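I have a structure I would like to understand better, so I am pasting it below and will then ask my questions one at a time.
Letters A, B, C and D mark the chains as written, and numbering starts fresh at 1 in each.
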Amino acid sequence: MTMQSATEISPDMPEFETETLRVSGLSLARGGIELVRGFSLDLAPGDAVLMSGPNGTGKTTLLRALAGFIRPDAGEIRFGELPPGEVAADCLGWLGHADGLKPNETPRAALRFWADLTGQSRKAILPLMRAMAVESLIDRPAARLSRGQQRRTALVRVALANRPIWLLDEPAGPLDGGGRARLASLVAWHRARGGSVIAATHQRLDWPDARRIDLGAHR
Amino acid sequence: MSALRAIFMREARLAWAGGGGAAGPTAFFLAAITLAPLAIGPAADLLSAVGPGIMGFAALLSVLQSADRLFGDDHGDGTAELYLLSGVSPAWLVLAKVTGQALATLWPLPVIGCLGAMMYGVPVQPALMGALALLAAIPALSLIAGFAGALAAGIRRSGLLIALIATPMMVPVLIFAAGAGRSAFEGDERALANLLLTAAVSLGTIALAPFGIAAAIRSRLG
Amino acid sequence: MLSYFSNPQRFDQLARTLIPIFAVLALGLLAVGVYLSFFASPPDYQQGETIRIMYVHVPAAYMAMALYAALAAASFVYFVWRHALADAAAEVIAPIGAVFTVLALFTGSLWGKPMWGAWWEWDARMTSVLVLLLVYLGYMALRAALEDAQQAARTGAILAMAGIINLVIVKFSVDWWSSLHQPASVIRLDGPTIHSSQLWPLAIMALGYSFLAGWLILYRLRSQALRRRVRTLQRQREQAARAREEAVS
Amino acid sequence: MNAFLDMGGYAAFVWPTWGLSFAALAGLVVHAVLERRAAQTALRRLEEDEA
């Protein structure tokens, strides 16, 4: 599977202005159990962070705190100077455990909806689907897509939203070898445009000069 | 504004096609209308007296019947998270969603309510008033069902829990909506008052419920 | 004032001192109430001896509503200031309020039979109490259905606050609904027709019920703090076991 | 004495109402005490295992 060069993916999307994510002294507890204590992180444009650690160590909880779904018990999260609450919508691309696809909706209809909802142009849909090699499935209802194909479609949605900071929860979970390579090139294209990404993952993802954090050590 | 239109269109399209669209509430309403006389008995004067009330009651139950699909699916398949992160104000987003779904699935209720009332021996004019009251009640019914559905999103077999949570909140709109039909049938002058009160409750619910639903969705994602 | 109670030790001290005081007050008031109800107040000129049922029915109905107001207030404090004690209070109050509501319904029915001739009268007041019972059950069912404690607290708070708004509208709509054929109820309960000698037992019994409810709430709050510590300890033990098992594998 | 017990002919309603009321109040108190004791033993058992 040749590694697609970052420039091949060419929906005409402008560069991002610089958006840094600063996390300082974050601690998170769930049901009385402390998952993360004193976690700090700076994510400058172009950075990539891979979070690993046994399940139940708080990877997902940390991502959900960064997205503003969960209030941390201590510490601060800042996008530039703003807390996640106000600004999360404009600068966060989110990929949760679930792909956000409706069973009886086709990728074409879904991605058009997400483009309209986030105020992006629909022209970027096809190039991005080609980048994830799912363009042939554009009119097949999501229920009849495989888990891997659904995940690729969800990754297209994340890219389509054109947001600088990506939070990806197990992005490569159901992906095969080809899928992981295409994910790597999508992330490389995103970072080349000044975007940044934090991913929680079990698998070894070899994204060039990505910082690796083992959450198990943070308790 | 186009984002809200996008949500409205998507929810209406999905509700219309998937999940049986209007078939669910319609089938439930017809079943209730058919079974009630078998339980109450064929006495014509009795049936016509309870006719308007049965219509209101059955309409309420058919809205409740499809309540868990309103927000339960979004909670499970990740859509709720994405909606909250879309930058659209949650209350407006929820209102657009419930309006889309209500129009796509509940439009037959007033029609069936009118025909059903006539089947129970209610004259045309009160039957029409009952149907009008049902139409006025639909916003309140669907938003309250949405609120209960959002609170119980993702819980296994949440149907019973949603019914228990929504029942007390449906009391006012049921009293006024069924009251409109009944007063029209009994010829006392409160029919219009009941209709206006139904509309008032619906407007109040439109103003308040979206914030409650948005808060419920956010708390269930926390 | 709110932050004063935010640390558990200070609240626990206060609870430990208040609990015996409330117990003594409740028992004393109830004893005086029983005496006043039976020996120191005349039968009613219309109802005769059945007036004595009112001395337990009205306090029960009053407690049912007062406890829901407390539940909603605690939920509001939790929702806005995230005050763990307020959430604990809301969780503890709900079952107590539900029991008082059931009690109010039964005593109301036992009162209705001799007075109106029917075990259940769909009048505005009794119907509202029945709806209140459903609100309590809905709140408890929702909290029980949510495993995550934090979600149960926030979601329960939202439902409780919606419930208080709804109960106001329910009160109005049920009055409107029942006023069609129902003649104004023969006995004006809270109107001037209550003779002062009948007001005293009612007030004392209501006060006795209130202090008993206060005792129950404080007492159960303390045992709930224990239960939450047990749950946390169990979770920590499970997590430690998981970590050990990971270290081995 | 039995005039008192007769309650003007309404004995069948007054006494059950009061009986029910005090049964409910007593029930609430007893449940609260049992609940507390159960919590204490559970905590003690956990702490013993801890030691």
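By our rule, a residue touches a chain if its C-beta (ideal position, glycine included) is under 8 Å from a C-beta of that chain, and two chains touch if they have at least 3 such contacts.
All values reported here derive from a predicted model rather than from experimental measurement.
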Checklist outcome for this item: A student comparing B-C to A-C should find more C-beta pairs in contact for B-C
Checklist entry - Looking at CA centres, what chain is most distant from chain D? => result A
Next on the checklist: From the mean C-alpha coordinate of chain B to that of chain C, what's the distance rounded to whole Å?
Outcome noted: 31
Checklist entry - Which whole number of Å gives the spacing of the CA centres of chain A and chain C? => result 48
Next on the checklist: Quick check: how many Å separate the C-alpha centres of chain C and chain D?
Outcome noted: 16
Checklist entry - When the centre of a chain is set as the mean of its C-alpha atoms, what distance in Å lies between chain A and chain B? => result 38
Checklist entry - Which parts of chain D, given as residue numbers and ranges, touch two or more other chains? => result none
Item to check | chain A: positions in contact with at least two other chains | outcome: none
Item to check | Touching two or more other chains - residues of chain C | outcome: 150
Next on the checklist: Which pairs of chains touch each other in this structure?
Outcome noted: A-B, A-C, B-C, C-D
Checklist outcome for this item: Interface with chain B, chain C side, in the complex: residues 131-132, 134-135, 137-138, 141-142, 145-146, 150-151, 154-155, 158-159, 162-163, 165-167, 169-170, 172-174, 176-177, 180
Next on the checklist: Applying the document's contact rule, which stretches of chain D touch chain C when the two form their complex?
Outcome noted: 4, 7-10, 13-14, 16-18, 20-21, 24-25, 27-29, 32-33, 35-36, 39-40, 42-43, 46-47, 50
Checklist entry - If you look only at chain A, which of its residues touch chain B in the complex? => result 64, 67-71, 88-90, 92, 94, 96-105, 109, 113-114, 116-119
Item to check | List of chain B residues in touch with chain A within their complex | outcome: 2-3, 6-7, 10, 13-14, 17-18, 73, 76-79, 81-82, 84-88, 218, 221-222
Next on the checklist: Which stretch or stretches of chain C touch chain A in the complex?
Outcome noted: 148-150, 228, 231-232, 235-236, 239, 242-243, 246
